[in-house]
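Same chain, two partners: chain A is paired with chain B first, then with chain C.
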Partner chain A sequence: MTGEFRSRFRTLVDGSDAPPDADHHIFIGPQHPWCEEPAHFIIHVKGERVVEADIRIGFNLRGIEKAMENKTWRQNTMLIPRACGICSAVHQNIYVRVVDRLAGVEDQISERARLIRMFSCEAERIHSHILWYGILAHDAGFDTMLHVSWRDREIIMDIVEDFSGNRVNPALMLPGGVKRDIPKEKADRAKPMLDELEKKVLYHKKVFTEEASIRNRLEDVGILTKEDAKKTTPNGPTGRGSGLPFDVRKAFPYELYDKIDWNLVYYNEGDILATTLVRLDETLESIQMCKQILDNLESTQGELLVRVKPRIPEGNYMSRAEAPRGEDLHFGVANGTDTPERYKIRAPSLGNIDATLKRMDGEYIADMPVILRSYDPCFSCTNRVMIINEKTGEKIIIDQDEFARKAIKAKKYNRSFF
Partner chain B sequence: MKKVLVMGGEALKNLAKGPVTKHVLKRIADHPPPEDIRTIPRIIEARCIMCGTCVTVCPTHCLGMEKDDKDNGMIWLQRAQCMWCGHCQTYCPKDAIHIDREPALSNSLFSFNNRQDYEMICASGSYKEEKADKKLEDLIEEGGKKLKYLEEFRG
Partner chain C sequence: MSAELKELEGILNVTLPEKLIEDIEKVEEGHFNVLTTAKNAYELMKILREDAGIYHLSTVSGIEKEKEFNVCYHLQHRIEEEFREVPINLFVTNVDKGNPKTPSMVDFFVSADYYEREIYDFFGVYFENHPFLQRLILPEKWPDDVRPLRKEYGWEQIKEITMDIAKKTLEED
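On to the complex of A and B.
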C-alpha cells in the first residue's frame, strides 16, 4: 500500500505503531454484542473522532478448501454451499459452473436448468438484502424496522422452501444441471407472493428514505468518495454506492443474465444511505427478475440434468459471480481423478474490508456500528493468514502457535518479528 | 422529504392486532412441512442392487454398507450425521431411494437418544435378520462409547 494509505493489519503490541495523535484505543470484537461474526477491530480515537481503524481477522478458519481436496467432486457439491451461511446458492452456482466447464458439458445444459439456477441466485439476493437492512436498522437503533423487514422476509423464504425443500440452503444445483424442477403449480403459487413482497419492499424503501429517525442516522455518515473507492477496490453494493457501476452479472454475463431485462443500480453519494438504497433497489430489481424467470419457465422445456462422469479430466478454470455481498471468485484445478487437486475460494467480504476501514476515518465513534455493518460482514468465508514484511517484501504463512511464539520472542529479546 | 412517524400506521395496526406470537402458534397447525421437504433417505429394498453409489456420493459419510453380492447386503444410516442433502436420491441408478417426508422427524432427530441414531435402512438376502441386528447393536455400542467420551470431555 502507498504512503497515502497506512498499512492496515498491523499488530498492536505496546501501542507503538498507533497513529501519534490518537489518545485512546477502542477494541471491538471478536466477542462483542455488535459482532455476529468474529472480527477484531482496533479503533484509534482522538476525543470522539476516529483517527484510524484497523482490523484483525483470522478467528474462524474452518479449512473448507482443504476439506474439499479430500472429497470427490460430487460430494463437494454439498460442501461448497457451507462456505457461507447466507450466500449458499451463489457459491454452489460458481462451483457447478467450474465443474461443467472442466467436464466439458457447459454447452449441453438446457435453458430451463439455467433459469432455475438463476431463480435460486436471485431469491437468495432478495433474502440476503432484506436481512442486511434489517440488521442495519437494528444497529442504528431502529428496531421496529428490524422486526418488520424480517417478518416480510418470510415470504421469500416460504417460496424458496416450497421450491427446494429447505429455507436457507436451497442446494438446487448440480454439475450438469439442477436437482429439481419448478412445476407450473408451484410457480403460480409463488407469483402472487412475489407481488406482495414487492409492495412490502417498496414500503421499506419509503421508510428508509422518509423516516427522519433512520435517515439522520445514515445520511452523510461514513462517506467513501469515488476516488477513495477506486484506490481501495470495494466490490458489490459497497462499490456501487460510491459510484462504481460494476456488476459481474452485467460486465461478464453468466447463465442467462444477458437474456433477461434488468437495470444496474448505482448511487454516487457514497454514504451509508446510498449503500442501503443500492440494496433496496437491487431487491426490487431481483423481485422483478424472479417474476420474469417464472414467466419464461412456462415456455421453455428441456432436460434438467446432463450426466457428468465422476472423474473430471485434467485442467483448471476460474469462474466468478455476483454474490449479494460482491464479487465471488472460485478457482479449481482438476487432475484427472474424482477429487480436486486444489480449490480456491475468494469470497466477497475480504475485498470490502479496506474500503470500510477507509470509510471510518474522521467519523464519530457513535457511528461505528452502522459503518462496520455497511459492507455486510461475513467472516466465515474470509479467513486467510499471511504475514508480509513491508521492508523486504518477504511473505510467510504460519499457524497460530508459531505466530504466538515468534511474537513473544520478538517482544522478549526486543528484536524484529522476522 | 424527511418526516417523522412514517411507521405510525404499522404501530397502530399492531396495537389492534395484539401479540403476533399467538397468531403464529395458532397457525403452526395449519402449516405442515412442505411436501418436498428434504429429510433422511429411505431405500426400497426390492429395487436396490447394492451398487454402493449412495455410500460413495454421501458428503457426510453417514451411510455405511456391507455386502456379498447384489442380492445379499445391508446399508445402514447414521441419522444424526445426515444433513438431508438428497444426494443419494439424485445419483441412485435404480431410483430406489426416496426422501422421507415424515413431519415429526425433526423431533426424533434431536432427541440425543443413542439408540435412535443408527438405523438399518436396507438389508436383503442372507443379511436380513441376524447379521443386520448384530451389526446394528455393534454400531449402537460403538456410538454409545463415543457419546460417553463426549460427556466426559464436557465434564
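On to the complex of A and C.
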C-alpha cells in the first residue's frame, strides 16, 4: 500500500542512500527552537530540479516528557507551555483539559473560564499566523510585506500583554480554570484594536492575492494533491490547503468551539498559495471569534477556578487541540499519585514534515525557501546552507539571506541557481 | 463491551471480530479506547485501515507499565461530509518487558515509520518487519543500551549520561 511512498527520515551519515540520478546535494540546517523542528534537510538535486529531499531530526532533545514524570501535575502546568516558543497557550490548554478530565472536574469549569481559555488560544493563532506569512513574504523576497505584517502584529501582541502580562507566553490557564480574569475595561480597550487589526489583515490578504510579485512565487508551487495528502497525513493548514477539511475545533469540539459562530477554512488547490490563504482566512476568522468571545464575556459570569486535588486518580486520556500549525496531541497517564506516570506530547510540525518533503519532489531549487517555510516550522532561521559540487569536491557555504537572494534572482531573471 | 463494540462497528461500518479485541472502552461521546494484543494487532489494524478506511495516524505512544509495555496508536476516523473525526486509541497490550516485540504498522501508514522509531529509541520496543528500525532522535553518541524513557533510568542518571557525552565530545574536538 505504501510501496510508492516511503517515509523520509532515512538519510545515512555516509550519504550512500542518495538517489543515483542526483548531481548535487544541498544540506540545510540544523536548528533548535524545540524538539521536532531543529532539522537537517538534505536536498538531492539534478540541475535545477529536486530529485528527492530527506531530513534528519533530533538536534535539540530537551527531554520534556521525562522531566514531566519527575514533577507534580501542578508544576507541570508551567513547564508545558515551554514545549513550544510560540504556541505556548495551546499546549497549556490541552494539558489543563487532560488534568481536568483525569481529576473529574471537567463539568465544573465555568463558561467564563472556558471563554478566557479560548481567547488566549485564538489570540495566539492570530499572532502566529501573521508572523508566519511575514516570514514567508521575506523568503519570497518581498521584505516590505514582512515589515508591514509584523508592524500590525504588534496590535495583537499588545492585547495579549494587556490581558496576561506577557507577550508570547500568556500562561493564563490552570487545571480547574484560569488564573486571571479579563475585566470589562480591558475588554473595551481591546475591541477597537481588534477592529483595526481586522482592517490590516484584510489589506494583507489583498496583497497576497493581488500583488503579482508575491503571488507568482506561491501559485502552483509545491503542489500537494489530496491523494498524496491522505498518504503522508499532514495536519492543520498544510492539510486544509490540500482539501482535507479537518480542524480539531470542528472535528472534535473542545472548550466552547461548538457554541460560537465560525467557519471552517479549506482550499483544494494544494499549492503554497492555498496554505497561505488558509492561514490568512483563519486569522480573519480568529479575529472575528475574539470579538465574539469578548462580547460573550460581558454576559457570562462564573467561578474562575475550581479546586483540583493534587493527587490525580488512575486513568489515561488523550486530548487534542488545533494549534496554529495543526493538530496537537497530548496523552496523559495518571497513576494515583501527584506525578504523571507518562505524558506524551506530539506537536504538529513532526506530522507535517513528510508532506512537505513530498511537496519538494520535482520542484525548482529556487522554490525551496518558500516550500520549506510552508508548514510553518519553528526554525528561527535556516541559517546555513552548504553546497557541495560532487565532481570538484568544492564546498560553498552560504547563509540564509544569500540563499534567498540567489533563489529570487534565479526565479526572476530565469538564471541558473549556481 | 458488546454495546461499545456495536457502536464502534456502526460508526466504522465494518465488523470487528471479537476474538481480536481484548476490550473496548468508550472514553466520551465519539472517542474510543480499543485494547488488543501484539498477536492480533496487525490483523485488527488491517481491518481498520483497509475496510474502515482510516488513513490518519496522529501518533504512536509508548507506555511502560509494571510488568509490560503498551504501545498506543492514536488513529482518527475521518468523516469528510460532516467535517468530523472519531478518535480511536488502539492499545497493543501485553508487550513482554524482557523481549519487547510488536508488529510494525508501516504497511498501513507511512507516518508509522518515524513514530515507531521514536518508541524504539526511547523504550527499546522492537517493531517486527519495520524496514528501517534505526535511531531517530537520540544523539549519535548515546549508549545503545540506555532507553531514556524507561522507569529504570532516573532523571539524575540521564543527566549524568548527557554530561558524559558532552565531555567526550569536547575531548575529541
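The working rule: the second predicted complex is superposed on the first by the 364 of 418 C-alpha atoms of A that agree within 3 Å, B and C clash if a C-alpha of one lies under 4 Å from a C-alpha of the other, contacts with A are read in each partner's own complex, and residues count from 1 in each chain.
Please note the rule applied: a residue touches a chain if its C-beta (ideal position, glycine included) is under 8 Å from a C-beta of that chain, and two chains touch if they have at least 3 such contacts.
Predicted model only: the values in this text are computed from it and were never measured.
> Kindly classify A:264 by the partners it touches after superposition: chain B alone (first), chain C alone (second), both, or neither?
Once the two structures are laid over each other on A, A:264 reaches chain C alone.
> Between chain B (first) and chain C (second), which does A:72 come into contact with in this model arrangement: first, second, both, or neither?
So A:72 only meets chain B here.
> For A:144 in the superposed arrangement: first (chain B), second (chain C), both or neither?
first
> After superposition on the shared chain, which partner residues are touched by A:206: those of chain B (first), chain C (second), both, or neither?
First partner only, chain B.
> Which partner does A:406 contact after superposing on A: first (chain B), second (chain C), both, neither?
neither
> A:25 in the overlay: touching chain B, chain C, both, or neither? Say first, second, both or neither.
After superposing on A, A:25 lies clear of both chain B and chain C.
> Name the contact category of A:344: first (chain B only), second (chain C only), both, or neither.
After superposing on A, A:344 lies in contact with chain C but is clear of chain B.
> Spot which of chain B and chain C makes contact with more residues of chain A, would you?
C
> For A:191, is the partner it touches chain B (first), chain C (second), both, or none of the two (neither)?
Neither partner.
> So in the complex, the part of chain A that touches chain C is made up of which residues?
Of all residues in chain A, those touching chain C are 1-2, 5-7, 9-10, 13, 35, 57-58, 61, 63, 65-67, 69-70, 230-233, 235, 244-248, 250-252, 264, 316-318, 320, 327, 329, 331, 333, 341-342, 344, 346, 350-351, 354.
> State the interface residues of chain C toward chain A in the complex, per the touch definition above.
Residues 27, 30-31, 33, 49-50, 55-59, 61, 63-64, 72, 74, 76, 78, 80, 83-85, 87, 89, 106-111, 113-114, 117, 131-132, 136-140, 148-149, 154-155, 158 of chain C touch chain A in their complex.
> Could you pull out which chain A residues touch chain B in their complex?
Where chain A meets chain B, its residues are 71-72, 74-79, 144-145, 148, 151, 161-162, 164-166, 171, 174, 179-180, 206-207, 209-213, 215-216, 305.
> Under the touch definition given earlier, write down the residues of chain B that touch chain A in their complex.
Chain B residues touching chain A: 1-7, 10-11, 20, 34, 36-38, 56-59, 83-87, 90-91, 99.
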